[in-house]
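First subunit A sits with subunit B, and in the next complex the same chain sits with subunit C.
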Partner chain A sequence: MATYLARRIGQSLLAVFLTLTTVFLLLRLAPGDPAAAYAAPSATAADLARIRAEFGLDEPLITQYGIFLRDLCTGNLGTSYSFHASAFQVVMDRLPYTITLAVAAIAVTTVVAVPLGVWMARRADTKRELGTNVLTITGQSMPDFWTGMMLLTVFAVLLPVLPASGFTSWSGLVLPTVTVAVLQLALVSRLVRREMTTALAAPYTTVARSRGVSERALTWRYGLRNSAVPLVTALGTRFAALLNGVVVVEVVFGWPGVGSLVVRALETRDYPLIQATVLVTATLAILVQLLVDLAYPLFDPRVRLGKAA
Partner chain B sequence: MTPSPHHAPPDRLSPREPLRRRTLLRLGALGGTGLALGPLSACAGPTGAPGPGTLTLGLNRSLVSLDNKLNQFDAAVTVQRAVRQALTRIGPGMRVQLVLADRFAMTEPTVWSVRLRAGVRYSDGSPVTVEDVATAVEMYGKVNGSFLLGLFPELPTVEKTGERTFRLHTRRPVTVLDRLMANIHITPAADNRPEELQSGVGSGPYKVIEANSGAGEYTLARNPRYWGRPAHVYTVRVRFVPEEAGRVIALRSGELDVVDTLTPDSAEQLTGLPGVIVQETSGARINQLFYNFRKPRGHPLADPRVRRALTYAVDGDALIRDVLTDSAEEAQGVVPLALEGAIPTGGYTYDPGRARAQLKALGAEGLRIRVIWESGEFAADSSVMEAVADMFRDIGVRTSLLQFEPGGDILKWRQGRAGDWDVIGNGFPGTTGQALTSLQGMYGGTPERERTRDTYMGYVVPDVQRRLEDAATETDATARARKLADVQHTIWNTWPSLWAFAPKTMLARRDRVHDLGLLKLNSYDLSAVRLEA
Partner chain C sequence: MTPLLDVRDLQIELVTAHGVVRAVDGVSFTVGRGETVTLIGESGSGKSTTAMGVLRLLPEGLAVLSGSVRIGGRDVLTDPGAARAVRGRTVSLIPQDPMTALSPVHTIGRQLGDAIRLRHPELSRAQARERGVDLLGQVRISRPETRWTSYPHQFSGGMLQRILIAIALAGDPELLVADEPTSALDATVQADVLDLLMELQERTGIGMLMITHDLGVARLVSDRIHVMKDGRFVESGPAGQIVERPAEPYTRDLLAAVPRLGAWDEDGTAIEGAIP
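Let's look at the complex of A and B:
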């Protein structure tokens, strides 16, 4: 277990390092000049040169990379060009909003999609299952900005019961959460349906049924528990993706999360802020994946971490 | 392994038994459900609508600081000046009004005599001093790439002459110094830095009681120590709502009281809605389809007659009516007429037949024009460019459109370092409310500045530059106005723009908001705003 953990943590650190290096290089190869984005349109060539020097952008790429690595080792991710504050701190200020939205969206997805998937598995290939499938796929197919705007129009304008933007009260979480959850519902419910259908047709279920085990127990204790590993993997992957920010939803709802921060950072070519965002979100995403892997034995006792099957 | 159906799990956790997987799973499920339902159960809470004594503003850009050394956009000025003040400000009719100063007068061509108003204090009770003014000027001067510095021909030096009096010295006459100083916000000297300040006090009618610069959200409360007439509204909330549609919905739902910098589409949507008022006035910004003045001698576009002939192809009325939905006014001069000192110098005529004939006579048939612009440079920019390309096609001119994303390489192109182009979509603000500053910014290019590509699209006309310089240093107001008028005619006759327009300044507000005096500079005095009870 300890060896497995050490190996996974080593892999995770390597993945974060490679991600950061790739982002560092791609940012500097992409068009655009942070100095020009920072300065006024009337800034002179001399102004821009001074700004580049101030940001350290006049150094050769390899020197910039060396400085970046040195600062990274000391936990210094630089100062955001546009916020004039520690880039790491700016990201950390936004992160709670993103985590709140991601947790709420995944929780709502789980609470709705799992029972729905079970219900669909129990009614596989019936008209009602087909109808439900169409509904969830429709929800997934709708662009998130459209879903968001429709929800806003109905619940913030026509029936003004929920706030239109921002996170000024907990009720402000409802519409963004629902918008994100609608996109995940079809994916998760169909996954549960597929796994449950397989589990309910498996020989051990037939044997259990022949022993008189109730249908309810067969569904929840046999079927669902055997579907848990792929379900947890899918939810973990979606959760990790949400931690990178739900850009469109954040913009539509004025949600002050990491996604809208990245958009701004890219527009202003705010290298330190982009790098800090990537570091934080990549670390979180990898951490979530690691936790998911570590959780497997909880759901399936046959899984032994660090040992071949 | 799947558990045996005969091996029923214990109902309760025995204190002696280790924590079981099933218990862990149950606890996890319980926690997850709680996380999901907790926020949802709070849905019965407020809808986000502001309270009766709170005014909520929705900005389209994130206000990262209440300092303006770098972050200068129209709507921000309203909020920044509610907290930090300058010696003067530009008020209604583009007139200079005294704020922290009660005297600001040119006593010699290069000397202005200023006196601080008696009793002006910051929100912490400390007095505004001459040292604060001197430090502020010094700190603004040290900011790299500042928009404001570009407006000043030179920064003045401060000479203290008394407890409240001082002189501002310049090497050459700066006849609009009183206007320019409206942009230098005064803050206590000890806290001032050559960067945007993230904290600190101001002398304005409001003080900051809550700030989240990362999210661009601020809460302002009435400054109880304000030296002037107290603000009418107790609390002002400033929110950043990036998406225009989101701002419109939030205004309609009553969550926001004021949204500024409206696009024509949004203004159209909001006009006539119950509870919403769209307010507009002429704008001080000019948006131009500006020619590239770096064309070599012999190039068709280096000839002002060709530049003029091309203007006949553009149906300005159609663009204003159909594309910009009457949210702008076609330019009648080289700067917006809303600016003090601006005069009408001519107009754009739509006559494609004349365009074809003149191009043919000048040997400039079959031109190929490349138009460049940055997304968001002005409202409906892409539609305007596409319409112009269509109009060019009607006169046999082929057009290619090149659009840049914000933060991209437009600057390199503008400077002619990345590729050749013929027309650029560009806007120029009228921050000082005075035509002279805009004219100097756009048309005051010199060969020296052009060597580093620091002129406005390569516009270097020595005669124009010399006459602008002459007007700028003319201390007699009447003579200055005459010289300024003459040079505007000269500039117009160089046909710098294919077409130009001044967008109207527009905002929308709930009808409970009163006395919002929208200025042509797209800002307003927050302390004058009232809320209906």
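Let's look at the complex of A and C:
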């Protein structure tokens, strides 16, 4: 177990490091000049050169990378060009909003998709199940900015019951959450349906039925419990993905999270800020994945961590 | 006295991809207290379908049953509620493959304890455990109290089958339906499980419907044997008579197919059909 954990943490650190390096190089290879984005439109070539020198961008790439690594080791991710503050601190200030949205969206997805999937498994291949399928797939197929704007139009403009933008009160969480959840519903409910259908047709279910176990207990105790591993995997993966920032939804709803931050950072070529965002979100995503893996034995006693590949 | 199980003119039609198949075509038989009645036949003869049909465990909508099946006097074909009511109380199933018959994510104590509490809701978990440990001892699981919290994958097939027998006995049933209870087990373990079943029957006077393709098993445990082929009984009678003086060629073929120890060329008989 300890070896397993050490190996997994080692792998995770390596993954974060490689991601950071890739982002570092890609940013500098991509067209666009941070100095031009930073400076006033009237800036002269000399001004731009001065700004580049100030940001350390006049050094050769390999030197810049060396400085980046040295600073990284001391926990310094640089100063954001546009915020004039520690890039790491800027990201951390935004992070709670993204986590709040991700937690809310996964919670709503779970609460809706799990019973829905169970219901679909019990009504498999009926017209109603087909109809539900079509509905959830429609939800998944709609682009998130469109879903978001439709919800805004209906619930913030036509029936002004919810705030349109930003996070001024908890009601501001409702529309972005629903928009994100709609995207996940089809995937999760169909996964639950598939796993439940398998579990309900398994020999152990028939044998349990033969000894008088009620249909309700067969569904919730035997069926759902046996579907837990793929379900937890899917929810964990979706959650990790949401932590990287729900860029479009955050922009549509003016949500002050990491997703809208990264858009701004890209627009202004704010290298330190982009790198800090990548470091924080990649670390979080990998951490969530590790926790999900560590949780497997809780859901399936046959899983022994570190024993089998 | 009414028999425990009274099957009259049972027909079962299964909806398959190739259309409707009549898997069981008008069989009638009874099982009384303390009696073992065996349905024997090749795969596809309809014997397991009969057993699962009697318990109403065939998938709803894919199996059409007609005739009458009475368990403990209650007609389970016309009344699905009666089928639910007798399961685990009047009748229990011992399944074919013990390795897949228990939920892999629940401890055997949980599954056995639940079976006990279904029948005896007045018992607390601790009391159910006490009773369950006792049942595990009866089916010769060693150190049952330490195995209570083990999971199915931590047992061998033979041990699992004995645990499933304990679970089947948890509701104090009067009738056991054993659907090829030994065919997934090693030969040496098969004898253990059959021994155990016969010993339990002697002690409790439970009735048993045994499904098997193995005439060796049938000869050992049965009072009466029904030989089944293509959904019908081709021959029925007391075990001794069927084994010693089979009237039908099909039964003689089944008998001849029982493997015996000896030189390879000594035993030239087999049911016709080429190995592909």
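One rule holds for everything that comes next: the second predicted complex is superposed on the first by the 308 of 309 C-alpha atoms of A that agree within 3 Å, B and C clash if a C-alpha of one lies under 4 Å from a C-alpha of the other, contacts with A are read in each partner's own complex, and residues count from 1 in each chain.
Here is the rule we go by: a contact is a pair of C-beta atoms (placed from the backbone, for glycine too) under 8 Å apart; a residue touches a chain by one contact, two chains touch by 3 or more.
Everything numeric in this text was worked out from a predicted model, so none of it was measured.
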Contacts of A:33 with subunit B and subunit C, given as first, second, both or neither: first
If touched residues of subunit A are counted for subunit B and for subunit C, the larger one: B
Contacts of A:203 with subunit B and subunit C, given as first, second, both or neither: second
Touched partner set for A:302, first subunit B, second subunit C, both or neither: both
Contacts of A:44 with subunit B and subunit C, given as first, second, both or neither: first
Touched partner set for A:256, first subunit B, second subunit C, both or neither: first
Shared contact residues on subunit A - subunit B and subunit C: 204, 208, 211, 213, 217, 221-222, 225-226, 299, 301-302
Subunit A-touching residues of subunit B, taken from the complex the two chains share: 1-3, 5, 21, 24-25, 32-33, 35-40, 42-49, 58, 62, 64-65, 70, 72, 144-150, 195-196, 198, 212-217, 239-243, 245-247, 249-250, 252-255, 405-409, 411-412, 415, 441, 449, 452-454
Touch list for subunit A against partner subunit B, complex: 31-33, 35-48, 50-51, 54, 82-85, 90, 93-94, 97, 100, 103-104, 106-108, 110-111, 149, 152-153, 156-157, 160-166, 168-174, 177, 204, 208, 211, 213, 217, 221-222, 225-226, 251-254, 256, 260-261, 263-264, 266-269, 297-299, 301-302
Residue ranges of subunit C in contact with subunit A within the complex: 52, 55, 57, 59, 84, 87-89, 92-93, 95, 97, 100-107, 111, 114-115, 118-119, 151, 153, 164, 167-168, 170-171, 177
Residue ranges of subunit A in contact with subunit C within the complex: 201-204, 206-213, 217, 221-222, 225-226, 228, 299-302
